[in-house]
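Below you'll find a set of structures to go through.
Heads up, the next two complexes both have chain A, just with different partners, chain B and then chain C.
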Partner chain A sequence: MELPSKINNNEKSLQQGISPSGNGGLISNSKLTALVVDSDRICQILEKAILESQGVETQVVGSGRDALDLLASGATFNLIIIAMVLPIMNGVETTRQIRAMGIRSKMLGVTACSYEREKQAFLDAGVDEFIEKPLTPQKLASIMREMRNA
Partner chain B sequence: MERTQQHRQVAHMRQSLFDQGLLDEQFVQLEELQDDANPNFVEEVVTLFYRDSARLVLNIDQALDKSPLDFSKLDSYMHQFKGSASSIGAKKVKSECTLFREYCKAGNGEGCMKTFQQLKKDYAVLRKKLETYFQVIFHSLLFDKDGEN
Partner chain C sequence: MAANRQALNEQLQKIVDSLKEQGMLDKQFGLVHSLKESNSPFFLAEIIPMFCQNVQTILRDLTQTLDKEPVNYYDLEEYCIKLKGCTSSIGARRMALACVTLRQASENKNKDGCILALNGIKHEYYNLQSSLDSIVQLERRILCHNA
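Our next item is the complex of A and B:
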């Protein structure tokens, strides 16, 4: 089955490591940018679709390692949406390492988990907010409003 | 069948998926992301879900066959499964994922197995109903096109 452009573009994004803009990831001053870090394809597609429907330039990576490499290359994002369960290096450890790099982007931890202890671990690692999957346009809209007003 | 009847059939089928507790509001969010550029977005995301989750179902089945049970591994698989099931609005499947994880936390192997058997049934029922629903939508759209010509 041929996947439609919305899903195919997402697949292409998985191979893209660097923003084409040459200025470290910010496509334009007026557009917000986001990085989705999630190994689940459905979640990647959904989160990217929601972000793009709200005018956010979005890149997607499937692992913590890929996220760190992308950020280390100079790419910058207004928002990083990061899943808790990731291959090899989990979301909590990835978040710690992102913060240790000095990156101050807004970070939103997302997970299907509902255990308090695990939520707290994510917050302690450095995410600004934590939500239970799935991400919805309403949840994202309020975060976007805060970011645009900041 | 008249165009109006076709549309009514689609609406009725859709509503019954919610009334039976199979889908929740998240499915509506998927529908709202569908547009003219991607008119089959919902169907394709659902198809992808069933394709990708088949591997997880197999992994969980295999892990439940082992002795002793590795509850941490089972929980991790189910965590992933729950994430994508909730993303397509699979309400019943999602609640069974939550129950399964509770049994994992309690180290209750029998509870895990029973819940997973039920989950697989509901997962298959939802798949069948959604496939039928998408087919009816497809025929309805064909009917609309014929009507225009």
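Our next item is the complex of A and C:
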């Protein structure tokens, strides 16, 4: 039984790191915006869906390099959610480089298995907060409130 | 028609509740299920097969990494963290917990412990997989009734 696929139609957009809403990387200023940096496909889809259910326009990239390239191209986001495990350049190093670019977006470090030392490394690199996966609306609540009030 | 749809929804909920009682799923699965309201009615029916494919790929990578000599424990840990990430994100509670055991064995560079832990993860996955297949089949039937 073949069902039309909304997830698969978004796949190409996800992989290209562009918004499926089709504005080629330019984000509307009327909504909160987020960038998800995660190499796991399931986490990408779920984190994007959770953020969008909260009214946040979300883009997804699968690596630290893609995140840096997107940010260097001028794309801006209220929130950057970044996984610790990423191919080639991990989340900690990617965070460091994002902050070195002068980007002051709210950054949330996420990982599935967190030891204290990893949490501290992420915070030292420049994330504002650190959470253990899975992402939930409850875990996002205080960050969302802060961003909406800003 | 509406009665059939309701019956299918109840049947699906019964499976989910049973899996929660057994500790195989947790409330995160309820959140994933609810995302179809804001995302797409096909969301659950599509993401579960993607999850299963993702898990199978990572389990293969873990197995291959453990088969090599010497074992690359760094890679093993990364695959383990990735697996825990996707299993916890979908709400596959016992699989996610089994990943913690693997990570600990990997940190201790205990190959036998890693093999045991990986077998434990596979066991949890195979137990969960048939129920997930049933959930997808029911969800597809519900979608056909809604169409």
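Heads up, the rule we're going with is that the second predicted complex is superposed on the first by the 127 of 150 C-alpha atoms of A that agree within 3 Å, B and C clash if a C-alpha of one lies under 4 Å from a C-alpha of the other, contacts with A are read in each partner's own complex, and residues count from 1 in each chain.
The rule is short, and it goes like this: a contact is a pair of C-beta atoms (placed from the backbone, for glycine too) under 8 Å apart; a residue touches a chain by one contact, two chains touch by 3 or more.
For clarity, every value in this text was computed on a predicted model and none was experimentally measured.
*Asks:* Is this a clash or a fit when chain B and chain C both end up on chain A?
*Replies:* Aligned on chain A, chain B and chain C clash with each other.
*Asks:* Counting only touches as set out at the top, which of chain B and chain C does A:E129 meet: first, second, both, neither?
*Replies:* neither
*Asks:* With both complexes superposed on chain A, which partner does A:D69 reach: first (chain B), second (chain C), both or neither?
*Replies:* Neither partner.
*Asks:* Do chain B and chain C land on any of the same chain A residues, and which?
*Replies:* After superposing on chain A, chain A residues 1, 3-7, 40-43, 45-46, 49-50, 53, 83-85, 111-113, 133-134, 136-137 contact both chain B and chain C.
*Asks:* Under the touch definition given earlier, write down the residues of chain A that touch chain B in their complex.
*Replies:* 1, 3-7, 40-43, 45-46, 49-50, 53, 83-85, 111-114, 133-134, 136-137
*Asks:* Could you list, by residue number, the parts of chain B that touch chain A in their complex?
*Replies:* Touching chain A: residues 26, 29-30, 32-33, 37-38, 40-41, 44-45, 47-49, 52, 76, 79-80, 82-84, 86-88, 97-98 of chain B.
*Asks:* Which residues of chain A touch chain C once you look at their complex with the stated criterion?
*Replies:* My answer: residues 1, 3-8, 38-43, 45-47, 49-50, 52-53, 83-85, 111-113, 133-137.
*Asks:* Given the complex with chain A, which residues does chain C contribute to the contact?
*Replies:* Listed in rising order, the residues of chain C that touch chain A are 28, 31-32, 35, 37-40, 42-43, 45-47, 50-51, 54, 78, 80-82, 84-86, 88-91, 96, 99-100, 103, 140, 143-144.
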